[in-house]
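Read through the structures below before going on.
One chain, chain A, appears in both complexes that follow, with chain B as partner in the first and chain C in the second.
Now for the complex of A and B:
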């Protein structure tokens, strides 16, 4: 801030302290707040590595004899390997479908003013705000009619289409920030819309696609209502859906559900670390603002 | 009106002729998929709300407005509606306000270690609400729960309640847990929003001697109207959609006192096999969301969504 002083001035230190004090107090408060958010997660991880007897004796004590036994039990008992694989398939392909479907519409809405685009935005908002429970019955009927009930494809298609509206908004917001000079030049050279889309827009939209895909991946990973209603076969269940199904079964032992939760959250945590720079800065926010 | 419609139609044909690729994959395909998978289910739900159907019988019995009449006299419908409103109030008061305060504190560098705070608060946004619900079932457990113990350790033992058992506070417990998981979202929105406000605006206010309170109310919030519009919309939809936590934590107990509309639909349709009535409540949710969204978009946030 200021020029380095040749001598450490006692008064300057005091002044500095006076300015720093509110910040220190605010930080203490912030740490307290952070503890409220980290505490439950830490407790969950701690519970998941304790034998049940130890949990009953001291629910909040640090583990005396940490064990991975709850993880092994949950992994084998619920076939978590299969569940995680299923979740991965749904989240990866469902998001790919959602983003894939959303790319050209986002391009259309960011670059052209197609007639009737007000109605398209109204549709997009409807898709965003629709509570899932209200469409379960018709969707269930429809999947049966299409012979897609209780199949992976059926669930993936539903996730893809329901992810599309938010992806269109996110990608459109991103694409509007791409400068138009390059495509103007391409247009003068006689490039078609398709060429501009694939050669100019798509390569520049990659960061937006990554953010959109990541958010959609997380959304599908979290979801369980569609899975519970549209699937019967537990062999193709996603992890979170199974946790919900089992939440009533082993309520007397807290370490097992905790271990299940931790496992189901690990892929998301990894994804978040990888994409953190983009997501937490809120760069995707501009897109939703319209 | 009619001429405007036909205007739009002719200009659409002209547009389609010039931009075949964009029209097909950018407009026709998504609208068709929307119509099939989102539009049709909405219409079907509306249709079903005029019938009595147990979900299995081959024929549905037309009952006219009987389901609607029943709904308007249904005690549980009003409890659920009231709970949705309570949920909305809690969500606006706790996660939205707190999210704004944290975002502001981080942007004006009022705290050290802003990244730690931001990460800690954002992480639960990515968590499955099933996981959040199971986690807080443990934390708020009357015997093994950490929350009561912390209260007692702080000498606040008199605040300890039956968090899920007491019908007067159970819905607030649920909404509070929902708020815990939701706070990161408004925080990130405001964080990005305040970042977009020109620094000079804040500097000018500060030179004029504005304190943090005035900076927040007079400068930040005024500049952030579009962000607030989005955040309020999202909060509103979240509150009307509330379902997951209730399905995991209380299933509407005690005495249906933690029912919300979303859970009532599920309960009536899939547990009581009254699909017609379930559809009727669905229609109520839809009408409610559209009405409030239109009100917000039209009145409070005019010009906030420039689409």
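Now for the complex of A and C:
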């Protein structure tokens, strides 16, 4: 005697639920994490389009009468255009210096085994892990001694040197993926080490250079402590550094720094979008193997 | 054009000896294939000739010049890599012209040389492309063109066909052989594929553990292998080896029904050989089941384990006790699996090897 099977088997639903549960939980967790990230950003954007009084009435409330006035005020009152220009100078030249300083050591560490290889590496990693605060006072002294304190060049040099260790690691990792045979082929064709570096390795390392440069650019753009300590002249301040001073001055105006922050993040967003195409370009297809 | 001499060449990485002491004479215009299993030192040897791996001790002469300590560019060589090693950021034209640009040749000179070599290799229409837009066979031709355009005295090739699929590989094989025939440049070719070695080389150099096992023309290596390693490595399916005792001018294993008469021409080789056993080597084509009609008493009986029908021929796997053999027989063979059949050994094509050293007893004095 056999009963006809029911159309929807209760056990099957249970089984399906058991398999789906971890997925649902993971998705919920991911959404929670995303909210933690996006929350402050949303709050910043929201604050930047409210009049200050509205913010003081309800910091988390949705804007009732959105306005672009804070943007206009910040841009004009603080000469934000100049500040952005400063930021651009520091980030562009500072990361160029960091990448430039890192190229040759990265090549050397990826290809040859220089004596003391491991110690060089240990030093590089130390450089990476050193908190900014620990080097503030020595760097301050050094910049004064070099007459570079409160100058653009001084801050650029600091950023370049401070960014170099991570650039060496990024570029070295990238250069080790360039197949050795390509270099040997160039060697057989009569290229010197320098020619191999400039004509083969550098062009092939461009995606790595773009990645490193972009990361360093962002790091300098949002850097705060160095700019605050090594600069006094407000005319050469980067955008992010200036905002701090500003919130002291207009202590009750929350919408203005928010607007400034939003403006200051726009170039970063554009840069990331531009660099992304490079980063994922897959330049090696066809060099070796089928 | 140049000959290559390796004189007492040694290669060590730290304390690890890769090539103990290598002596090899490569004649001008010849096509020499270095072949052996991976780790046998064939690529290291090639890299030493190229100048990519420094020689620890000994001397390397190319065209009579001592080039032991010279950089690759001064050695009058060109190399084709297994991976092709094309410069991915350069067009086909720039890949081929790279060396000439480094040497700062005139633009018109570079232009005409690149075009002439590209036309010869039938890649003239691809000069503007990047390597990633080429097929495997085309990439290989670009790599060849880059090497050819140097007009080297010696061509070095490191497994240039192993990245091509089987059909393309066989095409490229005859293409390379034809090219060598036309331009006649001394070529040193490394491969792990014994059939590539057999079909392409004037001379095959079989290597194992950094030592040359045999260096001879393909058919000599095939028909008179120096030892069991060479005999087993060259030829597919591999040569069959049977460990047998010697008794009354016969090779015997009474427990398994073996009693094979030693051919007259091999008797002399066994003079003074006093070890209890000898290794009999027979290639699969020198073995066949006796015709069913013939009287075959005395022939060893082997039971058929597997019959592999390849269409144009059949491979029979057969065994008796510990002895296993593969026989290459006609496509019409009607052996059934499990059946026991007497097998005939071709006396003209039997080899005897030393039980311990593996040396071919007919070639080496004991």
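Here is the rule we use: the second predicted complex is superposed on the first by the 232 of 290 C-alpha atoms of A that agree within 3 Å, B and C clash if a C-alpha of one lies under 4 Å from a C-alpha of the other, contacts with A are read in each partner's own complex, and residues count from 1 in each chain.
We adopt the following convention: contacts are C-beta pairs under 8 Å (C-beta built on N, C-alpha and C of every residue); 3 or more make two chains touch, one makes a residue touch a chain.
Computed from a predicted model, the values in this text were never measured in an experiment.
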In the overlay, answer first, second, both or neither for which of chain B and chain C A:182 touches. second
Where does A:138 make contact in the superposed view: on chain B (first), on chain C (second), on both, or on neither? first
Who contacts more of chain A, chain B or chain C? B
Once the structures are superposed on A, label A:194 by its partner contacts, choosing first (chain B), second (chain C), both or neither. first
Which parts of chain A are touched by chain B and by chain C alike? 283, 285-286, 288-290
Within their complex, chain A touches chain B through residues 22-24, 26-27, 29-31, 33-34, 36-41, 43-44, 47, 55-56, 59-60, 101-102, 104-105, 107-109, 112, 114-118, 120-121, 123, 125-139, 141-142, 157-158, 161-162, 164-165, 168, 192-194, 197, 218, 221-225, 229, 240, 243-244, 247, 254, 257-258, 261, 264-265, 268-269, 272, 276, 279-283, 285-286, 288-290
Can you name the residues of chain B that touch chain A in the complex? 8, 11-12, 15, 19, 21-23, 25-27, 29-31, 33-34, 36-42, 44-45, 48, 55, 102, 105, 109-113, 116-124, 126-131, 133-136, 138-139, 144-146, 149, 180, 183, 188-189, 191-193, 195-196, 226-227, 230, 233, 237, 240-241, 243-244, 247-248, 262-263, 265-266, 269-270, 275, 278-279, 282-283, 285-286, 289-290, 293, 305-307
So in the complex, which bits of chain A are touching chain C? 179, 181-182, 184-191, 195, 199-200, 203-204, 283-290
Interface residues, chain C side, partner chain A - complex: 50-52, 71-73, 77-79, 81-89, 98-99, 102-103, 130-136, 139, 146, 150, 163-164
